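Right, one structure below, let's go through it.
We call the chains A, B, C and D, going by the order they appear; numbering starts again at 1 in every chain.
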Amino acid sequence: MQLGVIGLGRMGRIVVDRTLDAGHDIVAYDVAEEAVESAAKAGAEPADSVADLAEKLGEEKRIWLMVPAGEPVDAALEDLEPYLDGDDVVVDGGNSYFEDSVRRGETTSAAYLDCGTSGGPAGAELGFSLMVGGPEWAYDELTPVFDAVATGPDGHDRMGESGSGHYVKMVHNGVEYALMQTYGEGFELLHEGRYDLDLEAVARTWNNGAVIRSWLLELCEEAFREEGTDLGDVADHIAGGSTGTWTVQEALEQEVPVPLIYEALSERFGSRAPEDGRFSRRLANRLRYGFGRHEVKRD
Amino acid sequence: MQLGVIGLGRMGRIVVDRTLDAGHDIVAYDVAEEAVESAAKAGAEPADSVADLAEKLGEEKRIWLMVPAGEPVDAALEDLEPYLDGDDVVVDGGNSYFEDSVRRGETTSAAYLDCGTSGGPAGAELGFSLMVGGPEWAYDELTPVFDAVATGPDGHDRMGESGSGHYVKMVHNGVEYALMQTYGEGFELLHEGRYDLDLEAVARTWNNGAVIRSWLLELCEEAFREEGTDLGDVADHIAGGSTGTWTVQEALEQEVPVPLIYEALSERFGSRAPEDGRFSRRLANRLRYGFGRHEVKRD
Amino acid sequence: MQLGVIGLGRMGRIVVDRTLDAGHDIVAYDVAEEAVESAAKAGAEPADSVADLAEKLGEEKRIWLMVPAGEPVDAALEDLEPYLDGDDVVVDGGNSYFEDSVRRGETTSAAYLDCGTSGGPAGAELGFSLMVGGPEWAYDELTPVFDAVATGPDGHDRMGESGSGHYVKMVHNGVEYALMQTYGEGFELLHEGRYDLDLEAVARTWNNGAVIRSWLLELCEEAFREEGTDLGDVADHIAGGSTGTWTVQEALEQEVPVPLIYEALSERFGSRAPEDGRFSRRLANRLRYGFGRHEVKRD
Amino acid sequence: MQLGVIGLGRMGRIVVDRTLDAGHDIVAYDVAEEAVESAAKAGAEPADSVADLAEKLGEEKRIWLMVPAGEPVDAALEDLEPYLDGDDVVVDGGNSYFEDSVRRGETTSAAYLDCGTSGGPAGAELGFSLMVGGPEWAYDELTPVFDAVATGPDGHDRMGESGSGHYVKMVHNGVEYALMQTYGEGFELLHEGRYDLDLEAVARTWNNGAVIRSWLLELCEEAFREEGTDLGDVADHIAGGSTGTWTVQEALEQEVPVPLIYEALSERFGSRAPEDGRFSRRLANRLRYGFGRHEVKRD
């Protein structure tokens, strides 16, 4: 199968490499010329513009977008639109908001597949988990590509209609935040607790047969091995948060309580508090003086 | 009525002053001589030891302990024990753990009243809220004193048998933590939010007729008036926590979910985290590199 | 001062009565004729349409809208628009979303004041707490009316520019949810706990001098007095939730952690779960079988 | 190596089978005769009492206790004590409270190893994860047995001194609660959300390459496969909770915030609320009438 790939960053490049390895033909484009050259060396046919890529693909185009969520997706679709018709298929493999995907599915001339992609750079070797939404025929048509990009046939599935792929991926990420924070709480307690423990050894022992074993726990093990049991100079500052925020927003809309996911998101916000700390706690500090004349700690 | 008061700190002194004002006779003792002298000037009969105080009270002693919770209460009771019999009444007006009060009620020769006291130094003028546990006859007997120390007859009540006074006070304090933190969240959102607000004006407007008006909100108003809308140099550091911890422990034992109270206690712990921050968040920071190769912020 | 009032439900009628009591002239309109008649009996001049009300007010109209948030506000404004110019002032005293108020402030020909109103029907006697946003001259102009509707001069204030009144009211309500749930946790623990307590007595004792005394706690006292210590047949079902949801949404946008407010909102959602319960817990139940072969309770 | 095993329930029997498979000699005892007979058929030497087992083991006894936590462990140790000296080693492989293990380590004549065991019945094939605390020489001595019972050499490790094995296992279980609840929240949102999803397919896709893949997620997949996407008649009722409660208690003692773990425990308590629901929510329901005259839903 011939596939056009737009966006050759870390993730897009993995798509190129895994589909090439599976014997597909790739036409590759990125705004960064060196990314295109590098993909060409790996065996892809280089394109120097979206138009060039579209023309090289001929009829029944199959195109994978792997560009940052938001504006860049709309920009790529706008450039592609003149070349698209109903026999074409466009896959958005990025972290788009599911309502954007629904909208794009409605306004794009091609069949549109929203594809949540999980696994990160480690997916280069293992393959990704792909959650796909959109027209069934388009999903079936792209199956050989999904087989190659995913861990295999079990690593991708059609979740449902347009938007469902990114919807499921959004919830996946909300869950991810809370799993990370949960392991964090456990290791924090062990770190502050009664015994002087080697946390890498704890994580390794858990990863071998314990109920809570997981890939994230393997990454904890790796973190302790590389940073030390006290995590060295790793800062208390968690970046990111958009997909977790979307998850909580959707849960508000659906009136579904997600207190653990909210709490995990909340810890991210807390970790990025202003220099003088959390206002709520500063007020509580002062109120204890108000009613009890307890000394007010001041900076 | 004649009342012996042991412990003449800020709170004990208020007990002395309010009971004197109500026309009772006070015998006062404290380990600090100057506190005894000061109480004497106010009209109390000074005692120079627990034994001296006990002897000055004669038969049917009524004694109010206002010493720090824990060891000091047991020490005072041990000193008093030789002078006590079943016609005497001892009140513990401090923040004792309710199970200690049950034990003391069983081992003290006098009738024992555990009395949770709320209202802080502001109680000097307004009177306190007194939650009393222990034998009914002893509570009835002490009613004139409770009328004087409390805001009035509605400001004290017998909650139930031994320990119930401090039990209700414990839960009161757990609730207090969560109320404070809740106001804190609201004002934090207003402070970080879209409008440039005068938080003293907000609190004052709320305190006049709004559903959420309360004494704690009056203290918020006072805090913003005295510290400014940005709380000046008040630190993000909330001391204390024992009664809140007891509340959560009891809720665990009773299998009653108290997520808001727990969360408020948790914020206190978080506000006292080590210099390098919360371990759980540092791990989450590192894990994002593990699966996504997101840059790790480092100190 | 002459004031037009549109919307004569429970809250609108209180506005009418309190402004009449303060000596102002009222023109009153509602879609329900009997509400208009009733207001007329109380001393207001009846209007039989928005147009009629506008005409009766003449130049420099001052109009108070007290209709349900959402569509009804826009409908009333649309009807009024032909009669308005820049010398007129319209107050929206309902629970509107602040962004709607900003939009209405921009599109209405009159000066527009968004006025968060707290205090509920009890405000009939006490007066309300009014949080006002919008042009300063219009706020100053309406001050005599605000003095009458609020508890007095301290019961209202201009928070800031357009939208800030409803913004502050939104946060007020988020705080309200968490305060209610906090008292609920405390009383739940007392109810399930070790002592057989009279919760009305507990609440009354607390309301007299304790740190946590508040109007909501007075309402708890009333609830226990009227329903009994076990709350009789009051259901575990909390309706409402829009202003709390807005508060959490805004906190997500501002990246401010509000875990207690979120938790309180979450309890509302949980109280309205489907007949078969919370899916998350049903899955946890089944997972315990998965790893531990613990018996699965089934309905 | 010769090993005595006391307690031949599901977990004890797995210890017997795996050590026999590895070529060790087993003496097996249980209060249930048929369990002993069954183990004998599998190749173990039967014992008809603790004393008999102790005598059959001769000098340098190595004994594995796999009996329920609490009283049964103390009873077994009391029976064993007359036969033990400092050359012997006793392993407690159950879910004991770590402070009990510290105490037992001090009062038992043999070297005492507290061994947290995770993996459940599935460990029969895969082997367990073993977290061991106690004297280093005893751990080294038992290594061949641990190699057999665990998944292999990486599936066990000495965490530290006495008690640390059960301490780490306690925290493991606290983490387990929160991981389960987190997956539950995610699937609840997907179940209540916008798309009609096949949750088994979602779980399977996630388990193949997604960041959140784990053994617990494989168990979710199994649960949806066996119960259906709506979990059939699985009840909203989560039993258990002792190790999670211990984890939170220890976190309170260490002043470490564990809001996600607490929340997960809280959901368990909530799932076991009385027939008439959560008192806190019933009060909130009633309070909405108190301030807003909102209709009170009643049972």
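Rule of thumb we're sticking to: a contact is a pair of C-beta atoms (placed from the backbone, for glycine too) under 8 Å apart; a residue touches a chain by one contact, two chains touch by 3 or more.
Values in this document were obtained by computation on a predicted structure and should not be read as measured data.
Asker: Would you kindly say which chain has the C-alpha centre located farthest from the C-alpha centre of chain B?
Answerer: Chain centre farthest from chain B's centre: A.
Asker: With respect to inter-chain C-beta contacts, which pair, A-C or A-B, contains the greater number?
Answerer: A-B
Asker: Rounded to a whole Å, what is the gap between the Cα centroids of chain A and chain C?
Answerer: That pair's centroid distance is 40 Å.
Asker: Cα centroid separation between chain B and chain C, in whole Å?
Answerer: 33
Asker: Which whole number of Å gives the spacing of the CA centres of chain A and chain B?
Answerer: Each chain reduced to its C-alpha mean, chain A and chain B end up 49 Å apart.
Asker: Using the touch definition from the top, which residues of chain B touch two or more other chains?
Answerer: 119-120, 181, 183, 185, 188, 192, 211, 215-216, 255-259, 263, 267, 270, 278, 291-292
Asker: For a test of understanding, state which residues of chain A touch chain B in their complex under the given definition.
Answerer: Those in contact with chain B are residues 10, 119-122, 177, 180-181, 183-185, 187-188, 191-192, 215-216, 219-220, 222-223, 227, 231-240, 259, 267-268, 270-271, 273, 276-288, 290-299.
Asker: Spell out the residues on chain C that touch chain B in their complex, using ranges where they run on.
Answerer: Per the touch definition, chain C meets chain B at residues 118-120, 123, 126-131, 133, 150-152, 154-157, 159-161, 163-164, 167-168, 171-172, 174-176, 178-179, 181-183, 185-186, 188-190, 192-197, 201-202, 204-217, 247, 250-251, 254-261, 263-264.
Asker: Across the complex, what residues on chain C touch chain A?
Answerer: Contact set of chain C toward chain A: 211, 241, 245, 248-249, 252, 255-259, 262-263, 265-267, 269-270, 272, 278, 291-292.
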